[in-house]
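Look at the two complexes coming up: chain A is in both, with chain B in one and chain C in the other.
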Partner chain A sequence: MTTLSTPSPGSTNRTSETGGKAPSAGSSRRGARAAPARRRGNTGFVLACLLPALVLFAVFMVIPTVNVFRTSLYTWGGFSPDKRFVGLDNFRRLLDDEQFVRAFQNTVALLVVVTVVTMSMGLFLAAIMTRQRLRGRNLYRFVLYIPNVLSVVVIAAIFSAVYDQKNGLLNGTLRLLSLDGLQQVWLGNQRIVLYSVAIAMVWQSLGYYMVLYMAGMASIPEELYEASALDGASATRQFFAITLPLIWQSLRTTLTFFVMSAVNLSFVLVRAMTGGGPDGSSDVLLNYMYKQAYTNSSYGYGMAIGVVVFAFSFLVSLLVSRATRREPLQF
Partner chain B sequence: MTLISSSRPRTDRPRPTRPGTGRALTHALVVALALAIAVPVAWVLLASLKQKSEFFGSPWTLPEGLHLENYIDAFVDAHMGQYFLTSVLVTALGLVLVLAVSVPAAYVIARYEFRGRGLVELALLGGLFVNVNYIVVPIFLMLVDWDRALVDVFPGGFFIDNPAILSLVYAATSIPFTIYLLTAYFRSIPVEYEEAAALDGASRLRIMTTIMLPMARPAVTTVILFDFLAYWNDFIISLTLLPGDNKTLQVGLLNLFTAQKGAADYGRLYAGMVIVIVPVLLVYALIQRRLIEGMASGGVKG
Partner chain C sequence: MRRSLVLTGAAVTVLGLLAGCSSGGSGSDSGKTTLKVAALEGGYGRDMYTQVIKQYEASHPDIDVQLQISKSIEDEITPNMKAGRYPDVVVLGQGRKAALTETLIKDKALEDLTPVLQAKIPGENKTVGDKLTKGIVGNLNTNPYGTDKTYLMPMYYAPTGLFYNQGLFEQKGWKVPGTWDEMFALGDTAEKQGIPLFTYPTAGYLDSFFFALLADIGGEQFYEDVMTYKQDVWKTANARKALDITTKLLGYAAPATVGYANEQDFTKNQQLILDNKALFMPNGTWIVGEMADAPRAKGFKWGLTPLPAVTAGGKRYITTSVESAWVPSAAEHKDAAKDFIAYLYSDEAAKTFAQSNAIQPIEGIASSLSGENAEFYKVYEDPSVAALVGGFASTAPVAGVDIKATLFDTANSIISGDTTEDKWQAALNDASEKLRQAGD
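Take a look at the complex of A and B:
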């Protein structure tokens, strides 16, 4: 570790009340090591610890992110060298692209439906599990959280088995119950395929949010409920007057991040399960971007979609965060 | 979740204010939801043992015997065994890399004053909002570019189709989350331990590795779990960066899945799914308490 303890030229910002300015560098370095280590001669150590992570972060996250924005201003076939600057042309083309508009609508629809259903069901379940102390709730929690550890490919395959037109769990069961009229081509019908995807998304994320809210609710003091019960408050009233306000911050954080993870989940699920079909009726933004980039090799156009995804998820996160801002409550 | 179960009486006394029917209804709802999750998973596990002819007709029949040929088929003919190995290696290397760079960085951010710390923290926080799948295309193009630049040195290409590079990309893109969680934990450890060690003459490196790292073990475990799940379950990145024969398990499964749509070869697909599901379920069953506790402390999902 000799390299680390050598004071580097840039180490001017260290607090130098004592030994830092000592002329005999060799001996004072030894002394510095004995003193509280967080005080002086730190720059080399800090850099050595920080640089590898920062370099990787910059190369594989910052630069690609910047490139999404930069490439969106070009028309570019990718592997060919002819890369032409076209300004905002790609974005203008997006507005006239029916497929894009449809993918955007689908993304928004999935986001709204899945968010509302997952969050309300997650809160409700968490409240039941914590307040009512169901027998075997550890088992329920274990089971409900399972989808969150499964990969999206597995989930897509499970749901394809469930939705399979002829031999699927759903249609097969309906046939057994002589309800053949209710059988559907769950993933092949343009009108219902989006709901089929939405159900798979809720199935995947419900347990995660339930467990998260259970953790939040577990820290609410029992006395609050006892006191309000003495005042005759019903379970519903307790939920809205005590539980909800006290886990509001946790709800707010999850909502803010949920936007991003739902945009992403809709993509990976659609990519594996339907490929956006039939006829683009279940396409979502990121999937359309992926298709434009790889199948169509129009990287500039694809990245313009990427910019829309970035802007959209950032704006929605911001809006959600603003709209749900409350004074934090103490308990 | 020791917290909940230990700090509260486990008795199931009925609350006087709540009517019994409402309670029964909510209980039924929870059971129904749990079944909605358990049944399809269990069904796949069972169906993987069925013969080809058994897939037609009622989906509720049990397999007629233990037909393991689906597994042999998936492991050997569909190369799932080989893909399994690739996945294990990629995931393990990714975890080693991310910890090697994130632990020191998180420690320094938590404990040292240095110029630009605010900026570094802000950038990493912003990174939490950048999903890997948003930027997979530019990452791919960048690696293609590097390959083209190095074509004289590595005529076959080095960056694309290299499992080690896939690990590196996994590690790099999970740095924001990992550092975020570790930094928060390091900050919660009292500073007196380090001051005492420094007075005893321990070097900064020694303090970090032999004092702080062991104390941060809960957070490190949490990070390993979440990153493990992210790497093991990813398919978009590995699909893009490993276009050759050397695939990860998820991509192999995706191929089986796509092939099944045409050929209706269910047995092979279900066996492949079981190969993918079982390791994760085992890990989950073993460490679920850890995982759920860690989740409560982190609260973000990348």
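Take a look at the complex of A and C:
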């Protein structure tokens, strides 16, 4: 956690000043000492050991990815031998495709809403559980983590029961509280169906990120909190001045993971829960890609959408990584 | 020494991986032809296939039939097909989500099966063409390019239409409406008693509704025009009339419909019929099996009716779903495949299929049916009712245009008020026009 990316040369000095307290820094130094001792003959051996992994990586990652990019330049149904090269036509057509634009908007909306909500709630809950020594926190942690081990199809089934317009948990509770006016057709109203999906996504991933942050927070030395408490810092102040800066690196990493997994999760969930409906109002990019590539027999066009998804995830991850870059702090 | 062992190990691993990727050729060395048959495990089950294959193998000792059958057969055969290993015979209809049949049609990757129609059925004196019900081949379902060449052999057929509870109609003393005017009058009556007139499982089920409605309004020629994307066909008065009737009908839809019209909840819409909470829904004969274990209102009895006529005494069409058997043009044993398909229409095979309620379009077969099925197939006996087969013509795929989605899914937005009939008509015209251009 301490040396996730350390571009500044000063950071190495600082670790040595702290007496190599951080374990990862220590091990990397040992590695550096061993390096010159490695004999030349070892290179072949190392390469041979790497070969299987490299072959697997090439066969299952590199070649398919290159194929996606290549196929996106063709018109092709998926089976026939006659592929027609159309250059960037598929991409040009994407711009005029209203349903694609809608799916893109939905994906972005889900990404923003779900990321912000999950991250802030995860941080908040983790802080409460580690700092406030909450009674029964292991139970809470367990309960909040459960959704993460459930299959997405199960989650879709659970939420379709929760959202059921007649005897669902949500509308039932609202009726019980005499808030009948707030009852909604959660999966049938085109204006709210996307948020219904978003809530299911938050529910699924919240526990996982909370546990990650809790682990990060647990390793922050207690002295820092004691010292700041003596200086009269409130719990809120401690969170923003101590906790947040010290887990910043793990926050950055999880954010990047999250952006990528949210794109995938939204597809599986939408497919199982709403099918992109009603009338395409909850469609997301990957679902639309699937529909075009298979149901509409436009494999090349589908792959063009795949390229957009690839570029988009890449770009967002890069932006997130850039925007959150800070000088890493250590304790 | 140890190092060389490790190196050998690594090399073996790599070779193993590569070999694993390329193994699995055809394995027919014993002089027998291995015929690979892939079939969708639909509501009819898998036993009928194993039985028919056993009978076929008994009379054809030189052929070894390998059956692959699954509820998601597309997922199982597609990877092999992409790698160039095709099944010889596939029994799979159109309208499935994976759209494998449609894709191969669009890609022109099917074998011409016109010769099968003239082929003699193994062990019988008749040809396949002699036995088939008249009018079942020669439409867009079997001849997808609108030519006289047949690429898809019709395997089983089933009527689709409006399903309702006969028991409820008897209790209330209602008559099943014969015209749309009567239909909407019934809608008003039922509404007063708190029963909505209409629902659908998901909007995709409107296919059986729409195709019949188009033919009811403008006859088979108009239906054909729509299916082949004739220029400006959606701007005609007939098309507007179809949308008018549909929009009005959707106004009578059960309020729960849209919220349940998805993969998870569609059975809840079907349940509305069983619970007497909606009167009619478009569906197919499989509904009986699908909802067999569901609770139902007292005195419930499934009924099937064609759509009401547009004018009193007018001709009514019943959309007939037909599953097909086809041969990929890349198949290895095409001749054996054609012979096998011909055998599927033999008396022996037809009997086995009919026992599992899989009804083939063979003259005179409907008389051998019993139970609910017999009643469903009776709809064809009404002289004013005709079977309607087919669907949208195949064109080269047009990226981003899915006219079925435009025609059916928009119903959700019509009910919820998110779009208007005018916009619907414009979108249909636009999609149809793009497909027409791709077909030229």
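Simple rule for what comes next: the second predicted complex is superposed on the first by the 279 of 331 C-alpha atoms of A that agree within 3 Å, B and C clash if a C-alpha of one lies under 4 Å from a C-alpha of the other, contacts with A are read in each partner's own complex, and residues count from 1 in each chain.
Keep in mind that, in the parts below, contacts are C-beta pairs under 8 Å (C-beta built on N, C-alpha and C of every residue); 3 or more make two chains touch, one makes a residue touch a chain.
The shown structure was predicted, so the numbers you read here are calculated from the model rather than taken from an experiment.
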Side-by-side fit of chain B and chain C on chain A, or clash: clash
Chain B versus chain C as contact partner of A:Leu169, first or second or both or neither: first
Touched partner set for A:Ser261, first chain B, second chain C, both or neither: first
Which superposed partner A:Leu244 touches (first chain B, second chain C, both, neither): neither
Touched partner set for A:Gly280, first chain B, second chain C, both or neither: second
First, second, both or neither for A:Ala272, with chain B first and chain C second: both
Partner chain(s) touched by A:Phe60 [first = chain B, second = chain C, both, neither]: first
Partner chain(s) touched by A:Leu212 [first = chain B, second = chain C, both, neither]: first
First (chain B), second (chain C), both or neither touched by A:Asp97: second
Partner chain(s) touched by A:Asn189 [first = chain B, second = chain C, both, neither]: second
Which partner, chain B or chain C, touches more chain A residues: B
Segment of chain B intruding into chain C (one of 44-52, 206-214, 242-250 or 278-286): 242-250
Set intersection of chain A contacts, chain C complex versus chain B complex: 45, 48-49, 52, 56, 59, 78-79, 156-157, 160, 166, 271-272, 294
Complex contact set, residues of chain A against chain C: 45, 48-49, 51-52, 55-56, 59, 75, 77-80, 82, 90, 93-94, 96-97, 99-100, 156-157, 160, 164-166, 185-190, 271-275, 277-281, 291-292, 294-298, 300-301
For the chain B and chain A complex, residues of the former touching the latter: 1, 3-5, 8, 10, 12, 15-18, 22-23, 26-27, 29-31, 33-34, 36-41, 43-44, 47, 55-60, 100-102, 104-105, 107-109, 111-115, 120, 123-124, 127-131, 133-139, 141-142, 144, 168-169, 171-173, 175-176, 179, 191, 194-195, 198-199, 201-205, 207-208, 229, 232-236, 240, 250, 253-254, 257, 261, 266, 269-270, 273, 276-277, 280-281, 283-285, 288, 291-292, 295-296, 299-302
Partner chain B, residues of chain A touching it in the complex: 1, 4-5, 13, 15, 33-38, 42-43, 45-46, 48-50, 52-54, 56-57, 59-65, 67-68, 71, 78-79, 125, 128-130, 132-135, 137-147, 149-154, 156-162, 166-169, 172-173, 175-176, 203, 206-208, 211-212, 214-216, 218, 222, 229, 232-235, 250, 253-254, 257, 260-261, 263-264, 267-268, 271-272, 286, 289-290, 293-294, 299, 302-303, 306, 309-310, 313-314, 317
Chain C - residues contacting chain A, complex: 3, 6-7, 10-11, 13-14, 17-18, 21, 81-82, 97-99, 102-104, 106-109, 202-203, 256-265, 268, 396-402, 405, 409-413, 416, 418-419
